[in-house]
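Labels run A, B, C, D, E and F following the written order; every chain starts at residue 1.
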Amino acid sequence: MKLIIAYIQPEKLNDVKQALFDKNVSKMSVTNAVGCGQQGGYEEHYRGTVVEVNLLKKVRVEVAVNDDFAQSTIEAITGAARTGQIGDGKIFVISLDDCIRIRTGETGNDAIG
Amino acid sequence: MKQRSKFSLLLPCLVYAAAFAVVFIGLPSTVFAEEAAGISAEMFTVNNVWMMVATFLVFIMHLGFATLESGLTRAKNTTNILFKNISIVAIGILTYTIVGFNLMYPGGEDGGWFGFAGWGLSTDAAGITSAYSEGYTYWTDFLFQAMFAATGATIVSGAVAERIKLGSFLVFVTLFVGICYPITGMWKWGAGWLDAAGFYDFAGSTLVHSVGGWGALAGVILLGPRIGKYVKGETRPIMGHSMPLATIGVFLLWLGWFGFNGGSVLSADAGLTSYVLVTTSLAAACGVVGAIATSWWISKKPDLSMALNGALAGLVGITAGADTVSIESTCVIGIIAGILVVLSVMMFDKIRIDDPVGAISVHLTCGIWGTLAVGLFSTNPDHSIGKQLMGIVAIGAFSFIFAFVLFAIIKAVLGLRVSEEEELKGLDLGEHNQEAYSGFQFFLTQ
Amino acid sequence: MKQRSKFSLLLPCLVYAAAFAVVFIGLPSTVFAEEAAGISAEMFTVNNVWMMVATFLVFIMHLGFATLESGLTRAKNTTNILFKNISIVAIGILTYTIVGFNLMYPGGEDGGWFGFAGWGLSTDAAGITSAYSEGYTYWTDFLFQAMFAATGATIVSGAVAERIKLGSFLVFVTLFVGICYPITGMWKWGAGWLDAAGFYDFAGSTLVHSVGGWGALAGVILLGPRIGKYVKGETRPIMGHSMPLATIGVFLLWLGWFGFNGGSVLSADAGLTSYVLVTTSLAAACGVVGAIATSWWISKKPDLSMALNGALAGLVGITAGADTVSIESTCVIGIIAGILVVLSVMMFDKIRIDDPVGAISVHLTCGIWGTLAVGLFSTNPDHSIGKQLMGIVAIGAFSFIFAFVLFAIIKAVLGLRVSEEEELKGLDLGEHNQEAYSGFQFFLTQ
Amino acid sequence: MKQRSKFSLLLPCLVYAAAFAVVFIGLPSTVFAEEAAGISAEMFTVNNVWMMVATFLVFIMHLGFATLESGLTRAKNTTNILFKNISIVAIGILTYTIVGFNLMYPGGEDGGWFGFAGWGLSTDAAGITSAYSEGYTYWTDFLFQAMFAATGATIVSGAVAERIKLGSFLVFVTLFVGICYPITGMWKWGAGWLDAAGFYDFAGSTLVHSVGGWGALAGVILLGPRIGKYVKGETRPIMGHSMPLATIGVFLLWLGWFGFNGGSVLSADAGLTSYVLVTTSLAAACGVVGAIATSWWISKKPDLSMALNGALAGLVGITAGADTVSIESTCVIGIIAGILVVLSVMMFDKIRIDDPVGAISVHLTCGIWGTLAVGLFSTNPDHSIGKQLMGIVAIGAFSFIFAFVLFAIIKAVLGLRVSEEEELKGLDLGEHNQEAYSGFQFFLTQ
Amino acid sequence: MKLIIAYIQPEKLNDVKQALFDKNVSKMSVTNAVGCGQQGGYEEHYRGTVVEVNLLKKVRVEVAVNDDFAQSTIEAITGAARTGQIGDGKIFVISLDDCIRIRTGETGNDAIG
Amino acid sequence: MKLIIAYIQPEKLNDVKQALFDKNVSKMSVTNAVGCGQQGGYEEHYRGTVVEVNLLKKVRVEVAVNDDFAQSTIEAITGAARTGQIGDGKIFVISLDDCIRIRTGETGNDAIG
């Protein structure tokens, strides 16, 4: 089992969700994040001075999948979130030791989907 | 683009500067008002106090619009909306100073189509006595009318929110408030041809609200819907980010309407002003009930944003006839306005007219309804549906065409809509480089 | 349950509809007011202007309540609270139109317990002259009183917030404002038996605030505390989600009180109105100081929500005697009210009466205090503690029993409290399917 | 420290308590006002109604300040700011009751430097007739002036926000409003030496706004900048957390200014009041245009917070001469004020005077400008730059020194600034143990 | 060492915290999240149209524990968060390479508690 | 590759960011969190009663780095975030299976920086 963490542009979330659904990955968790990467940042102006903002708004998507789904999940995310511009985001993949469904107590591969 | 933005600001600035240069401006004689024959100094002073209070109330409607519009749109566009609203007040007052007031009340012969009394503000000693008017001084008159003028533009602001370029919008507002509004206003309130023809609009269901609504409609048509509103044949609601702000807005608008309608009596006449306040409140209350019932029925859940719009719908609906309809008719007008606004919002979504705050439904749909209602319910036999229709059509045609052509020219010259990227990231960053809620996290996904 | 919700809405609608059908509604003669003997048209007009201004101020109290109540409760229930507040205004005005005004001011013989002047609004030509009253027209009278009526219900709204079913609440409000409030109001202000007995309540410490407070108490007793408020013998505060909203609310209420008390002079009499404004402000200021000192002393930290409640406590406290106590007494009344409200909030938490916004402490505790204070401090020798107590008990008993029975019936028929799941997820989703802060993240854990 | 905090609260409380003990307090005779020779009861009543309305408007400015200041600062200090603002109103009214009013209007000989008419409020039967004044009763006079008094202190509040100890601030405010403001106020409005010398300040560009601004400057100098504002030679803006709150604040302040300036006519004189309202609005509108143009030019992006400050700048600028400058001059004054405020904000940042809300730039810079402008533009030949400068310097020197010494003493005795840890975590937790937005997540990193 | 990530219903947080305390696990970190799982979602109504909301509010709890605490931590969470209804949530278990206490610089098992 | 998760005091974020920049680690993602640890908590007062707040505001920083950067990243964070007082925070280190740059599709060590 893998835990796939993707940082994407906020406005791409709906597309990514759709792409995952299309690959039968329908479970995920999403949080707000701010990130700092190659994108550099931008300036905000406030009362005559300039603010260098280099923590940009991102969305963090966490998807736990069984191993055989990992590749297609990554592809789905990559496909939907890519614009080719800096700031598109990153995906991190981590091995999951275990997964438990709280409702039933199921564990492992059965619990994930 | 940056160049253009700057240009679009300079334009109004230059207009103002130029205008001031040619203005002959009068100074008030600070002597005590001498009463004219027929009205005592006391009565004149009371009347004027009442009209000044009404002016304050209409002023605060601008805060009402600012909070309502920002509450019903997304957090990422809030700075932009607030900026537009504070600018509109300034632009409204200034254009009205320079040209508007004198276009709307040109004096001269009655029954005309157009007139102009000259640039700027100016009056003689009589302007602050009851010789000018029994109800108010020249200055009160001007300020009360100026506060009205700006509301027309604010209505447009809500409908085109979340996607219009700031500079382009400001240019539009300057010309719409400075030229279009006073011309159609003159037709009726400036003793123009519509007045002569018997058209009746007490406080502006048509002259203010519909005019704003037509401008809004023109803008929305040329702009198109926001990204993500209509997807694959479906309407996806884009929820407002703050119901408290929206609610504050509606209460302030209701409060302001006491001045809008109450002041339109143009004196403190006890019977008439108080009666108008009662019809105004009752229509708003009935609008709320009508909208809640309709939206509860249709959506199975009571919708706050619809209840709020219902209050405004009732208020717009009663505005044309607040002084000439019975209490019973008032309730009917209010309830129908409340029902209408809900259906209108849904109808405009069907035909993909994307109006984030429901401004067109509130001000245009219910403005038309209210004006017609005078023909249906007025206790004055001179009023008729035919005459009302004439006014609705004449003023509607002029202001819609004016707004459409103006927006189209601006679209060609400056562009009307921000880039897709800017729209997605929000106009606060795109147009202002400034967040409305610094430090807070909110989802940008919608 | 959906069926019931719809039914609970239909009920008031039908009541209104039925009522309108039988209403004989008068039309205002829009002639200029002819002055009656003894008061000039000018004075009548000034008085009426003042009363209209007071009406506006009382109206804006409803926005004050809306923001105060939503600020002091959780973000997940905000839409629900705002919805209740906009509905209450509409319901208040409409029920007062149909029955309330005529229940409260039935005319007829003085000293009675109950009377009814017939359905709806109607007046003759004299209604807009000083023959009706030296201070206002019939219409101003109605509207000013109607704005008062709705405040009683709003008080209940805050206390029962975050757990009451919307439909049930609306039914309660309709009957409480439509029937209970005007009946007890008539006892004093409608020249009823309490008036004859020498009870004094200038602007409604008892007639408005306590009545609302008793209704709130009845509701809270029958509803029980919010989940998580009292756990294992401990009180766990449930913090309000927006102090800015709460603060806006208190300032607006203070502003509104200028009309509430200032308008209760029922004319623009220069000496009396201005004196009342001074006592009103001083009491509020002293209430703030009293509450800050008390809460700082007890909690070791100055508590904003208590400072805010302190202002309201002072205002409620002075309301009964604003025109008949000295400046010195005003300060004492205000400070004691400020102290009382803090102790009262803590006391009610001890006995597990869960009142999210402190409405019972502000309006009931301080309403009783203010009414008693007239007996203690009044400069009018006719006033006495005994008479004041009589009024407090009589009105308290009637309104508490009325509210309790009404709530109990509603509980049996429609249910009073939302499901545990809905309460945890928030009434915004449960009752309205609509979030107040779309896009923002906030913790739902409390 | 806790001990001190408590002490710092007790101090004002004790002062109040002691003061009340010695106050001789008059009671209003609730008889109808008998008109004095020369003015009718009607006119007196109208004038008084107008002045009461103006009082309400000035009162609501305190809500404007509360929302503006909290909007332009960080979410973690919001409770603290709101607490200060509600306290200031209470303290302002109470100190003005006890000493302020009688320090400012001591009566006695004209042309003096200092006078005191005795403790507390008291008047005789004439106080509520036009024998006291043609424009208002004693009570209206007091309340209108009391509302003014508190605004001076509020200005300080914004500038020292986000780092000042609550207790220390409250002690400062008590003495600043209670002693400093009425003394300098008396020099001009209390018929003191500056008045005799021909200095002119219609509604308080200097007497209210500059005085507050000087107090703010003294405080900021002694406090130093907020952590993180000036780092390694660079200015790092610390963004306000809520533009909607800030915008609400500015609209309410503008509204309040109608009473601030309109009421300063001290009667309802139709010509003068309405003219003052027009100059007030025009200056605000021009201030907005001036500030937008300047900030757009400099930053390449239109800055909402500057547009908002621009409105206030125009309002402060016109305050000194609202009744004596032409429409044309009004526009010039407003535009220059709008430009000035932007440059002033940037200049103060350059010299590391950290004023979170721009209070010094708005009230001091533009207050000075507005006072000078009377010398430049007044239509009254008696006014001159020299006399204006004299007033600016005299009042500036006194109030700056007073505030500086007072702050310095407080700093030595109680301490002025919260600990670094508290500043970083926010004063809401540090001073109040109370969050403003419970349940919401926001970044504390700035 | 394990990092245990649990997505639970927001209103269950207090219970979960208590259950963890009872098992001597007193350290944890909590974030807001929205999640999409079997629960499906619900409809919101807004201005006459329907919004399909399928990202539901959840709370994300992160607890780092030593291996011998892992099982009891999972049990505590499962016990406290379970209602038996869809939406109860999921637990994910990841191996931790290391843990450092910033204050002292301690690492590994010593740092975690 | 490692994923380094640090919980720090909010006001230390700028220092930590700077310290990471100085070590040539310029990419990171930040979220808001509340945490409960040795720090205990504090009391809030509200309307006459006391609230025991034991979930304190923290900032969660996630940095993915190549193995040879891990140690210096940890040191940079530790150095910048340490005050020596309870509540300074924790760092957790997890092995990353993979990392993908969405824009280019690069994976592994190339994608991380």
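Everything below uses one rule, namely that contacts are C-beta pairs under 8 Å (C-beta built on N, C-alpha and C of every residue); 3 or more make two chains touch, one makes a residue touch a chain.
None of these values were measured; they are calculated from a predicted model.
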A-D versus B-C: which interface comes out with more C-beta contact pairs?
B-C
Per the C-alpha centroid definition, the whole-Å distance linking subunit D and subunit E comes out as 51
With chain centres taken as the means of their Cα atoms, state the distance from subunit B to subunit D in Å.
32
Computed distance of Cα centres, subunit B from subunit A, in Å:
45
Please list all residues of subunit A that touch 2 or more other chains.
31-32, 34, 44-46, 94-95
For subunit C, give me the residues that contact two or more of the other chains.
40, 42, 46, 49, 53, 239-240, 242, 248, 299-301, 303, 305, 432-435, 440-444
Interchain contacts (touch definition) - all pairs:
A-B, A-D, A-E, A-F, B-C, B-D, B-E, C-D, C-E, C-F, D-F, E-F
In their shared complex, subunit A is touched by residues of subunit D numbered 235-237, 239, 295, 298-301, 303, 305-306, 342, 345-346, 349, 358, 443
As the complex stands, subunit D meets subunit F at residues 228, 424-425, 429, 432-435, 441-445
If we count contacts the way the header does, which residues on subunit A are in touch with subunit E in the complex?
3, 17, 26-32, 62, 64, 94-103, 105, 111-112
Footprint of subunit C on subunit B - complex, ascending
40, 42-43, 46-47, 49-50, 53, 57, 74-75, 239-244, 247-248, 250-252, 254-255, 258, 262, 268-275, 277-278, 281-282, 284-286, 288-289, 292-293, 296-297, 299-305, 307-308, 311, 323, 326-328, 331, 379, 440-444, 446
Contacts from subunit A onto subunit D in the complex sit at residues 34, 44-51
